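Heads up, the next two complexes both have chain A, just with different partners, chain B and then chain C.
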Partner chain A sequence: MDILYHLGMGLLQCLSPVTLLLLVVGVLIGLISGVLPGLTVVMGVILVLPFTYPMSATNAIIVLTAIYIGGTYGGAFTSILFKIPGEPIHVPLLWDGYPMARQGQAAKALGWTLYAAIGGGLMAAIIMVVVSEPFAIVALKFSTPEYFAIVFLGLTSVIVLGTSTIRQAVISLAIGILVATVGIDDIYGAERFTFGISILRDGIDYLTVMVGTYALAEVLKRLEEGFVSPTLKQVGKVKTTFPTWLEFKGQIGLFLRSIGIGTIIGSVPGAGATVASFVSYGMEKQYGKNRKEMGKGAPEGIVSSQTAATASVGGALIPLLTLGIPGSGCTAVILGAFLLHGIQPGPQVFATSLDMVYTIYASVFLALVIMAIIGYLAVKPMCKVLDAPESVSSAFIMVLCFIGAFTIRNNISDVWMMVVFGLIGYVMERYNYPIAPLVLGAILGPLAERAFLTTMISYSNNWTVFFTRPISGVVMFISIFGLLFTIFYPMLKSRQKQTTLGQ
Partner chain B sequence: MQNNLVERLKGAAFNLVLFLAAVYLFYLAGYFQYDIREGQLGPGFWPRLLLGLVIVLTFYDIVLGLVKGSTAGEVKGVLGNKDQANQEEDGLPEEENKRYPMLLFIGCLMTLAYVFLINIIGFAICTFLYLAGFMYAGRYRRHTVIIVSSLLGTLFFVFLFIKVVYVSLPTGVPPFEGLTLIIYSLLGIH
Partner chain C sequence: MKGWKRLITAAAIVGLISVSLAGCGGESKAPSQQAAGEKYPVKPVEFIVPWGPGGGADQTARTSAPHVEKALGVSLPVINVAGATGVVGMNKMLAAPNDGYSLLVYTADTHALLATAGDKAPFKFEDLTPVARMIKAPSFLFVKADGKYKNWADFEKAAKENPGKIKVGITGQGSPDDMTVQFLASKGIKLQGVPFPNPSERYVSVLGDHVDALYEQAGDVRQYVEGKQMIPIIVFNEERFPAFKDVPCSKELGLEIYMPQTRSVMIKAGTDPEKVKKLGDAFKKAYDTPEYQKWLDQQYGTKDSYLGPADAVKFFKEDLASMKALLKK
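Now for the complex of A and B:
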């Protein structure tokens, strides 16, 4: 009952004209960043961050969350209609959404996508609201070994769920964590890797790393490819047709599975909407009732990936708000916004700023509704965004990167740092090193080190404490099992295949 | 054969840089200044742990790259394996995009110049030049659109970040500072 009361109060706060306007603008920016191939949703959230400085903390978080939500859906239009995924999240939609469109069922494919986005998003939001407060109460009892174990889970998940080789992901992650060690350390007060440069004493802000590696490196990469904008075919009379109740009823089980996968993966620090979308699609293709039809234009392919992608937003907000640990790239930026407004998310927030927490929750529900309305009415204008020349939009993105880096500490050194990370990001991508582990390492590195060293000091360097305490032990076991399984299972499988071929 | 060797060396170059940097930083991490207390791991422990990992893995990568030449068939993350499986199913290899290294070079140069010049010629002028230059470098050739969008974009950024968000963006040094202040006064910024 308390939850409903607080949620209602939060909703009232969100209905103020300014907040409503911010929600609409946020969702629109999210949708556009989802549509444009050169602009990812993380970039969208990063680039809007400097605009949120004069806002109240609540409004800043609301607008960034709205972008995040919109971004998980925007690229669906162009993936289905033109085979252009604006986001990696929507790559699975190419496998079933586009074939459906080619079979003359584009409107139905868009309808399933809208159902999936709104259904997945709303259910995950409900789970988020119900789970967060009790989880925050439990989290108050967490000590440093538990924090370390959770961060360790995040660090391993980005390796396990990545696209590159495990070794390259580990190297990238280690570099990210090392970047976070630059400056004066928290525990011993020692100066590390500063090379006498004064700005490095304050450390390297992870937002600088994010702006450089995600945004600047991506623009440079696309510039090298000559900004080849996709040729857009005629949008024609695009409309959205909703599936019938009977069709929907047949997919309820799939909806629930995908919501579960999306929420759980979203809540794992380090795994975001893209991972949720791919894993959910993969699970359905491997074990689903209609798996043989998937890849040829089956609604299951759309529902599984889109539901999980949007559901991951609610999941990702749980560790952010209850533990102060970001669950994805977007929530890392949102964490940055919290910190810039002087608020440290974590279990204490539920005691000190409950109104703010519930206003953010309510805004998630409203953003989903706004997203559905815009998504239903504005498919055609959204697709038209692709007509904008990429070199023009990229030039503006670059300037926003400079401003974004500058405003972190009002210092030009951060802009230099951002450019350096942009170049590092570009080179790493050229050599097939993944960027996500580097960024996650820079974000979670300080948390991991602090939790690890504090535990070592508190427990007289007894590292077994991570495995003997029940919660941290279970989380550590899951992390290590996941890592070993990812390494050894494909090896075992290929050996079995070779043996079979040999026979 | 020789081309193959050159390719392998090229592939190993980045790993070699990482390896050497890691060795150097590992050495540095042993000399951090702090109050040594008995039984504590010290500020160098964590970085050394990570650097040790980087050294081992990059060394392995260098050897593997030189001997084998590629990472094909290696264990990848879950999504990497799925991607591969989908490609195999489609029968379509990933399309290799055409590259324009000169554009990249110009883009990098312009970016470095922007950061270098922003304190001298000020945000407004520097941004206008950068926007127009970057659009042109990106092979866009509608001059009116370039100039108008760069000008309006610059004015929008100046107005928004200085008047609304209160960010003290660089105004430059004289005589550019004077020009920036004229732009500010035209926008009603005092």
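Now for the complex of A and C:
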């Protein structure tokens, strides 16, 4: 009951006009930075950080946290409506949300993301308040072998993603991982594949890969078709509605699984919302009961990734507040804000500034509610955008792509890089090579490499640690089992078919 | 690492935006070549932080800037231009004329590039003129508070009994952290340096028992030290650190390696010495304020942190020479 009392007091603190206004502004900035490709949530948080210096410590943290929460949701709109992933976390939404919108169910797809973001966010927030201690202890158990295992799970799950063959998926994945190795490596500082060109020294940012291969390639494809895709007209006319309560009830198990995955992965310092989103989607795709439909516009694909992404915020705040350890890029900036205000997050904060901790907790709940209201109001008008002629919306998509690529680091070479990847994405799609593994390889490749190398250095090149440590062993087992199953199950089936035909 | 890369990138954007905003302010026409004895400064002096907002370099600038502003009578806008171990921001400063209106925070990490990269270093020390050294914070080895090791003696014994088995979290290969680990190995204390470029992973690694010790300055892990989660076992310094009187210093143990974190203020080489002196004095005034001293204590900086223009040159040259000597071994 103590918790409820403190939370109530915190809520009262949050209801002051200034704080409420800050919450609304924060959520809005988060949503916008989530929508713009190139401007990531982390950047949004950093951009606002200098403005929080004069605020009280509590207000500063509240506004930054609100941006963080909003940022995990905003990109859902552009991903579903235009195939522009505003954030890497929303790449899985392109696989199911976009097809769903093309089938005339844009509002339903957006409705699912709204439910997912709220459900995931609220449950993770409750976990954060009630059982933060045990979660923080679990997070400390994770080291580089576990980081590698989790990322490996994400990488293997993409192989089963696409509709094309495994062979093509693996080729695409390998290209993505190769792209990620360009530049100076983190551990030894060696230059790789730079060919003496200075723009390659800084590496290829995965955002250029993501925006180019998805959004730009999509526009190129439409250009080739002459902007006459007939489905769009239907999309505008078909009346779409939110998912019903019954539909929602059927997915409660899925919600709970995704919340668990999101909160745990969010609380682990080596992974964040992106990994959470991919792993949650991958698990559902490999083991979910509706896995056959995923990738063609199934709600499971939307819910699993979005729920885990927003749930990871609560997860990432757990080690930040209880141990003073940031679980993600955003929480690293929030930690900076704490320190600038002379507060050291960690166990002592609960003793010295309990009011503040609970005010922050309460603000997370409030921010989610505000986000829900804004999101709900935005769904219908946003769907109207699809009424615009395809050529017009494509022009806007192009503009967004170019601005996005430039924003990454104010560097014109990133824009060229994005154009190159747009062409690559277009060609790959023409020849039926899936793009998802390429993008995933580019995003997860560096994480996997760093975790692998650090593990090798740390455990004197003993690779068995990946299997002998309990957590990483279990995760590795799941990924390898899933991989073998996907490869051999179809083989087995076709052989059975052959034998029955032979008889 | 991508996350950090983006952090840095984003910080660079913040910097650029603030630069353009600063540019919007009234710009009085000041020719770069001016007669001696001119009035200086007459317009805002930009203060470039080549690291992201919220970090140590940023705090150094933002804590001192208000007081320097008072001493100089002009404003000192702080601009974050992060990237490439501080070199991106430095290039911005070097691109400006040497008229005394562009300052830079220069950290030990950037200085170490001169030693590790040698002739391939992306800048020359001769391009820069030191204005002041604003903080010197010695490095420590930390262990988990309720862990296997209570003090340096335990730790050293374990390291000698199991050469190469005791792990230390460091930032990366070739860093000052790594140089210290290499030096200890040459003295028979063979440790395994495990690189974690991401600070939070580095801190978790010691709190979660994945490495045995952590190489860090005390100010960066203050919350863990004050929260009794980590304890220092050795300070790499000529003398013991007042805040941790029971912790031995490396000199008394015969380990003569000192790689403190330093953050200094630099200006483009060729700036009028009068101006440099004026700036040096202004930073000294800022250094002596109670606010700055309080921050210095929080950062576990030493009492002799401040060095004026001449002393700072000497310090950097000697520091570079000792790093180079260390790398040759």
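Convention: the second predicted complex is superposed on the first by the 269 of 503 C-alpha atoms of A that agree within 3 Å, B and C clash if a C-alpha of one lies under 4 Å from a C-alpha of the other, contacts with A are read in each partner's own complex, and residues count from 1 in each chain.
Everything that follows uses one rule, which is that a contact is a pair of C-beta atoms (placed from the backbone, for glycine too) under 8 Å apart; a residue touches a chain by one contact, two chains touch by 3 or more.
Just so it is clear, the structure is predicted and the values come from calculations on it, not from any experiment.
Of the two partner chains placed around the shared chain by superposition, chain C is the only one that A:P326 touches, whereas chain B remains out of contact. In the superposition on chain A, A:S132 contacts neither chain B nor chain C. Once chain A of one complex is fitted onto chain A of the other, the partner contacts of A:T65 are absent, as it touches neither chain B nor chain C.
Contacts of A:V427 after superposition: chain B is touched, whereas chain C is not reached. In the superposition on chain A, A:T307 makes contact with neither chain B nor chain C. Applying the stated contact rule after C-alpha superposition, one finds that A:T407 touches each of chain B and chain C. When the two complexes are overlaid on their common chain A, residue A:S280 makes contact with neither chain B nor chain C. Looking at the shared chain after the overlay, A:S460 reaches both chain B and chain C. Contact with both chain B and chain C is seen for A:P50 once the two complexes are overlaid on the shared chain. Applying the stated touch rule to the two superposed structures, the overlap between the chain B and chain C interfaces on chain A comprises residues 50, 53, 187-189, 407, 410, 457, 460. Residues of chain B touching chain A in their complex: 11, 14-15, 18, 25, 28-29, 32-35, 39-47, 50-51, 53-54, 57-58, 60-61, 71, 73-83, 86, 89, 97-101, 103-104, 107-108, 111-112, 114-115, 118-119, 127, 130-131, 134-135, 137-140, 145-146, 149-150, 153, 157, 160-161, 164-170. Across the complex, chain A meets chain B through its residues 50-51, 53-54, 95, 159-171, 174-175, 177-178, 181, 185, 187-193, 216, 219-220, 223-228, 274-275, 278-279, 282, 295, 389-392, 394-396, 398-399, 402-403, 406-407, 410, 412, 415-416, 419, 422-423, 427, 431-433, 449, 452-453, 456-457, 460-461, 486-487, 490-491, 494.
For chain A in complex with chain C, the residues that touch the partner chain are 40, 42-43, 46-47, 49-50, 53, 139-144, 186-189, 202-203, 205-206, 269-270, 272, 319, 323-329, 332-333, 335-337, 339-340, 342, 344-348, 407-410, 443, 446-447, 450, 454, 457-458, 460.
Within the complex, the chain C residues that touch chain A are 1-7, 9-14, 16-18, 52-55, 59, 62, 83-84, 164, 167, 172-174, 192-201, 203-205, 207-211, 222-224, 226-227, 229, 298.
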